[in-house]
Amino acid sequence: MSGNMTTLIRDGLWHNNVVFAQMLALCPTMAVTTSGTNGLGMGLATTAVLVVANVLVSLLRRVVSPQVRIPVFIVLIASLVTIVDMALNAWLHELYKVLGLFIALIVVNCAILGRAESFASRHPVGHAFIDGLAMGIGFTGALTLIGLIREFLGSGTLFAQASQLLGPAFAFLEMRIPGYAGALLMILPPGAFAALGFLLAGKQRLDARRAAQPDKAAVLA
Amino acid sequence: MRLDTLKEYTFYPPLLLGCTALLASAALSWVAGATRDAIAAAEARDLRESLTQVLPAGLADNDLLADRVQIDVGATAPLTVYRARHAGKPAAAVFRVEGKGYAGPIVLLMAVDQDGQVLGVRVLKHSETPGLGDKIEIGKTDWITAFNGKSLNTGRWAVRKDGGEFDQFAGATITPRAVVQAVKGGLEIFARHQDAMLGQPQDSATMGTARAHKEGKAS
Amino acid sequence: MKPAYDAAQPLAAPHAHAGHGVRQTMMRVQLALLPATLFGFWLYGWPAFFLWLITLAACLVFEFISLRLMGRAQIGRTLGDGSALLTGWLLALTLPPWAPWWVGVVGACIAIVVGKQVFGGLGHNVFNPAMVARVALLIAFPLPLTTWVAPLPLGSAAAPGFVEGLQITLGQLALPDAMSSATLLGHAKTELSRGLDLAQAFAGSTAPQPSWVGLRAGSLGESAAPLLLAGGLFLLATGVIRWQTPVGVLAGLAVPAAIAHALAPGHYLDAGTHLFAGALMLCAFFIATDYVTAPATGSGQLLFGLGVGLLTWVIRSLGGYPEGVAFAILLMNALTPIIDHYAKPRILGRTRSGRPIDPAPAGKET
Amino acid sequence: MLAAVLSLTLLGALLGLALGIASRLLHVETPAIQAELEAILPGTNCGQCGYPGCAGAAAAIAAGTAPPTCCPPGGKAVALALADKLGLGLDPASMADAGPRLAVIAEDLCIGCCRCSKSCPTDAILGAPKQIHNVLKEACTGCAACVEHCPTEAVAMQPVPVTLPHWVMPKPLAA
Amino acid sequence: MGLMEKCFTRAWGVHPETHKRPAADVPTRTLPVPERLYVSLSQHLGAPARPAVLVGQKVRKGDKIADPQGAVSAALHAPTSGTIVAIGEIPAPHPSGLPVLAITLASDGKDEWTDLEGCADPFALAPAEISQRVAAAGVVGLGGATFPAAVKLSLSAKAKVRTLIINGGECEPYLSCDDRLMRDAAAACVDGIRIMLHATGASTALVGIEDDKPEAIAAMREAARPYAEVCIRPVPARYPMGSEKQLILTLTGQEVPADGRPGDVGVVVHNIGTARAVHAAIRHGEPLVARLVTVNGACIEAPGNILVPIGALVEDVLAFAGGLAAPPARLIMGGPMMGLALPHARVPVVKGTSGILALAAAEVGARATEPCIRCARCVRACPIGLLPLDMARRIAAGDLSGAVRIGLKDCIACGACAYVCPAHIPLVQYFAHAKGELAAQERARLRAEATKKLAQARTARLAREAQEKAELAARRKAERAAATSATASDTGAPA
């Protein structure tokens, strides 16, 4: 049992990142990351579901019997997602218009069931909460990063419509590269694969380099 | 442990799953009730916004959503028309038309005033080639505003290449051609069903030629 | 008395070699491309030459960078094998001749990095790198990739000079609207979509035949179909390629085209126009015959060629894009492993299913 | 709304019942992979792997605590068979195989004590008391069990020399 | 073969430059017997021969010096007269440079034959008798595979073959020893063929000779004219035409089943050199003690065909051929396509040595390996219909069973694929490695099984011994008890 919170956080953010290490939840990753804002929104919504699902599953872990374990988790997650869906539609309608189609997909986001199965159902509530949060933030970060890259190369903007998601105070994030129309391919599905592929290669290279210099890594850590 | 012995019984799984389902559905129904009004309001706001986009500001003072009719124009499905009124008098009709684009249908929303002049056209949905055909979107270029003020009598309804007055885009002729044809078609429908589409002044809103009924939900 | 070798391993047979190498093969293909390319330079002037040069140079640069990043040894030798050069050449032949420089550079990057080195370099790529780049460019930058110019042969009055040509390639000189023109296939597609039939579309000055010899807008690789055909025949004669793939492509396109044209001449182009228009000749002899991405056996190559031809016709006639060669190649590239699996040669002494054959009684066989 | 809640609850209960019954009816004992692994191992219980006998090694391999390459006398062949049974990929060329080894008895040191022949798991050592012992090359598995039993250090393990019929062409160096 | 079949039959093989002339046109020379001869005990397919002489023993040329061992093996004879000076290890003529057991013979310079017993009318002998005499003469297949000829003769008599195919193809470049033999000794060859026909019971002999040897074809036609059962059949010059399966296919149109032998289609194949050796063994009683060897290559001063006593060192042969003009890039025993690269020249000539080639670098054409571009030239060259590029890829990735699935075991290692590969990939080395590795794995598997049996036998023995001990103890106890009770009763009876 890894009781170390730092390890949990580091795993979620980097070493065991949902997208870059576990390669889970690729459907939403590919589908919504046409802009940094979309990625951020989807990531935050998923994080919310992930944290609550982890906590609920962890609470129920002693009660649940193995035969109906997965159905119970699925019912919990599906209900949570539906609640998030309705809440967004009612109170964050602009964001809902952007993410609407994908919110429902969080139900089948394998990362959530995966965390419930492999972590939350075996660990106490506190750990499950931290794990859900770390995994969610890692996922949000990955989605935002892919979204930003695609948005930058594909349409020449950064954080377009961020103010709709985060409120007018965040309008300063929105940027546009003058004179660049963008390579549309990056906005289309192949662009998502290309961006993910190059980011994965980059991560592997960083990890390999760090593994090659254990002393330096220790100092940095 | 007592719980572990409990888990061995056959009634345990159905009890557990049943309880979970009960709690989950109860929570869902509560949230659904809490958000119902907010969602309906937000959706109505959406539709209203898109309708007012094609209407000049201040033209309509009525609730467009509340004043709509279904008109049979000879197509497979009846056409939904939203009526804009100013001080109770018919001012304009807002309705959808469809054009056959390069890569599929182009859905347009257009507003026509009582003289048969185009007040505004916006693209609601299309799947044209990004970077080429998508210049019909107002967010990309203002090409679509070229229709403003045109009527069947005043315009040469074709793209420049075919001898008309509307520009085509470099590399794409089919898309603007389709939009021009669709808008022209919309004007022709309006010319044929003008009375029904504009409707009578509000006080004598008895529909003679058209069937009109309110629907529970906007599509 | 000891032979003059000091090998790291025992030397295995054979101790003789037919004597050709990868480099010679690539050089021969480039030689076969040369006449069509030169004709294209003459037809479209300096901008076409500059774009060609930039694309080739960019391919070499990206190959070098990729090999360096991957820590490969003997980069110089790999660069010299001519494969990156050939990829760049083929890509340049499919681009609009007056496209700006960055189209060539981005295309080279996609071709070499995404299309080839990511898969592991020469011999490991699944898709033809030049066609990957062509399709990616078309989808990413539809406008510059569909802006064609009518031929302005070098020496004619309107042709841009050296400096003007450089400015056009560097994107500093906007294309005059009057010069832009549609390719034959593009013209046919546009007119058909207007509801005109082909007889009207090709009435008078727009007859399809002149485009067969390059008197219409198009890329370098589609303006000189007869020269490409000649280059292809040269490759056939020298044994660089075999007949299965080109014959498959030509037949796969010509047969459905001829049938459809016979049934509805107003809606489907005739087989001759299909064969000589667009990049078909380039595809049949130079791209579909790419060793790495095509099947290994003769029957497999024939099947592959037929698939490419048929898909090209389907995309041209029924699809959204006027030209479908690149898409057809990529689709069939994806099928190559399956074709290879099923189109294996029969092993001597075994049936097709791999069981040993029953020995036929001698003397009874005729 | 009440109907929806009730129907979902009922559905959950019914499905839960079905699952509970199914898990009882369809209960399957997991097959004993350990026995299958033990059948592949040489069965000499030589102990070179560091586990108590081949059964112990099989248990460790099945539990994943020992690699399929842990049996030195088995060499590549056994490692490949074990990996195959476990569904693991194994590149035979990548395995460091010191090659087969044989026990050799130094004649000038052997005192004929018979301890080595008693310890041999395959009866590969011949020799009567007070006589110089000899190793049967065909039967020796190279397990080295005899080495530690020899009081005079007369038994040594030597690699089996490569002979012409046993020579293997090396794999070409990667390009 | 129908028309359809003809149109869709794959073209196979390659056309390497032959380099056979001028060596083929130079008259045959004879190597004077060197001072020492090294007769390897493993110069045939099968188990090595067992020495039948002792060190110090005097022998005459043709005396048997080693007996065959096992079913597939061949006898060895003294290649000249002299004294046996050693029986020990010498470097084998093999790329590995590993040692091999050999009998070393010091020549006495007299080259004196032992008493030979010929046979005037071989056709009066029973076929089995001919096989015995061929076996006694130590004749093996001289094409390179060195399968004991007598074993093949008796096997084909049992298999009731109808056609004897004589392989005069000699498709390997550079080699011309068979060509030379047919030109010089056509009559002896044809006589050998007729004796083999008699021994196998076959009705016709087809002699396949590649059509780039017109002189040999003419000489053989002339010699075979009186005998209707011996047909000379020119075949197209194409490598590997001399491979057994290819020659059978070309001459008879029949395919040998993949796991079968030529006997399954009523055919047996012998080399033309074997026919000549059979002639000598039967007519004159001469055992196989010398053979014709082609010495060729750009580094040889005077290329040609030389009659070399078995056991002469390659060094001696090269010196006799005028020495080396330049240090060779490769020294090869056999042909360039399938021959063995020799680590040095101090290795003996064996019965299977058809050629000794000293090739210059330009002839070898070796270059650094490049990545496979899937040009599929190897697929077209493969005479068997395999996918060499795919097999090599799998072997390189360690997937040996995958390579076997797509036909590795059908590979005849002819080298045509590697010969044409523009990327210079050592395909044959991949296949040789994989075959060796698979054989080693199989040996290890058999050994593991044997080990298991031995371990079980020991466990059984221990159990039996323990039981016997227990029984013995029980019996002793019973006896003792009986004795005690007897004493007790004895003592108690009077009471």
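When the chains are written out, they are named A, B, C, D and E in that same order, and each has its own residue count from 1.
Note that a contact is a pair of C-beta atoms (placed from the backbone, for glycine too) under 8 Å apart; a residue touches a chain by one contact, two chains touch by 3 or more.
This is a predicted model, so every value here is computed, not measured.
A.B. asks: Give me the chains shared as neighbours by subunit C and subunit D.
C.D. replies: In this structure, the chains that contact subunit D and also subunit C are A, B, E.
A.B. asks: What is the chain whose Cα centre is as far as it gets from that of subunit C?
C.D. replies: So the farthest one, by centre of C-alpha atoms, is D.
A.B. asks: Using the stated contact rule, I'd like to know whether B-D or D-E comes out ahead in C-beta pair count.
C.D. replies: Between the chain pairs B-D and D-E, D-E carries more contacts.
A.B. asks: Please list the single chain whose C-alpha centre lies closest to the global protein C-alpha centre.
C.D. replies: Looking at where each chain's C-alpha mean falls, the closest to the middle is C.
A.B. asks: Compute the centre of every chain as the mean of its C-alpha atoms, then state which one is farthest from the centre of subunit B.
C.D. replies: Using the mean of the C-alpha atoms as each chain's centre, the farthest one from subunit B is E.
A.B. asks: Counting in whole Å, what is the centre-to-centre distance of subunit A and subunit C, each centre being its mean C-alpha position?
C.D. replies: 41
A.B. asks: Starting from the mean Cα coordinates of subunit A and subunit E, work out the distance between those two points in Å.
C.D. replies: Computed from C-alpha means, the inter-chain centre distance equals 67 Å.
A.B. asks: Could you state the distance in Å from the CA-based centre of subunit A to that of subunit D?
C.D. replies: 44
A.B. asks: Two or more other chains touching the same residue: where does that happen in subunit B?
C.D. replies: Where subunit B meets two or more other chains at a single residue, that happens at 12-13, 16-17, 20-21, 24-25, 32, 130-131.
A.B. asks: Which residue numbers or ranges of subunit D touch two or more of the other chains?
C.D. replies: 12, 15-16, 19-20, 23, 169-170, 172
A.B. asks: Would you please write down the residue numbers of subunit E that are in contact with two or more other chains?
C.D. replies: In subunit E, residues 96, 368, 370-371, 426, 429, 432 touch at least two other chains, as defined above.
A.B. asks: Following the definition at the start, I'd like every touching pair of chains, please.
C.D. replies: Every touching chain pair, ordered by label, is A-B, A-C, A-D, B-C, B-D, C-D, C-E, D-E.
A.B. asks: Which stretch or stretches of subunit C touch subunit E in the complex?
C.D. replies: Subunit C residues touching subunit E: 1-5, 9-22, 24-25, 74, 77, 81, 83, 121-124, 291-292, 294, 296-298, 340, 344-350, 354, 356-363, 365.
A.B. asks: In the complex formed with subunit E, which residues of subunit D make contact?
C.D. replies: Within the complex, subunit D contacts subunit E at residues 42-45, 73-78, 80-81, 91-94, 100, 120-124, 138-139, 141, 162-164, 166-172, 174-175.
A.B. asks: Mind pulling up the subunit A residues that touch subunit B in the complex?
C.D. replies: Residues 62-65, 67-68, 71-72, 75-76, 78-79, 82-83, 86-87, 89-91, 93, 96-97, 181, 184, 187-188.
A.B. asks: Per the contact definition, I'd like the list of subunit E residues that touch subunit D in the complex.
C.D. replies: 42, 92, 94, 96, 98, 100, 368-371, 395-398, 400, 425-426, 429-430, 432-433, 436-437, 439-441, 443-445, 447-448, 450-452, 454-458, 461
A.B. asks: Report the residues of subunit A in contact with subunit D in the complex, numbered from low to high.
C.D. replies: Against subunit D, subunit A makes touches at 66-68, 71, 75.
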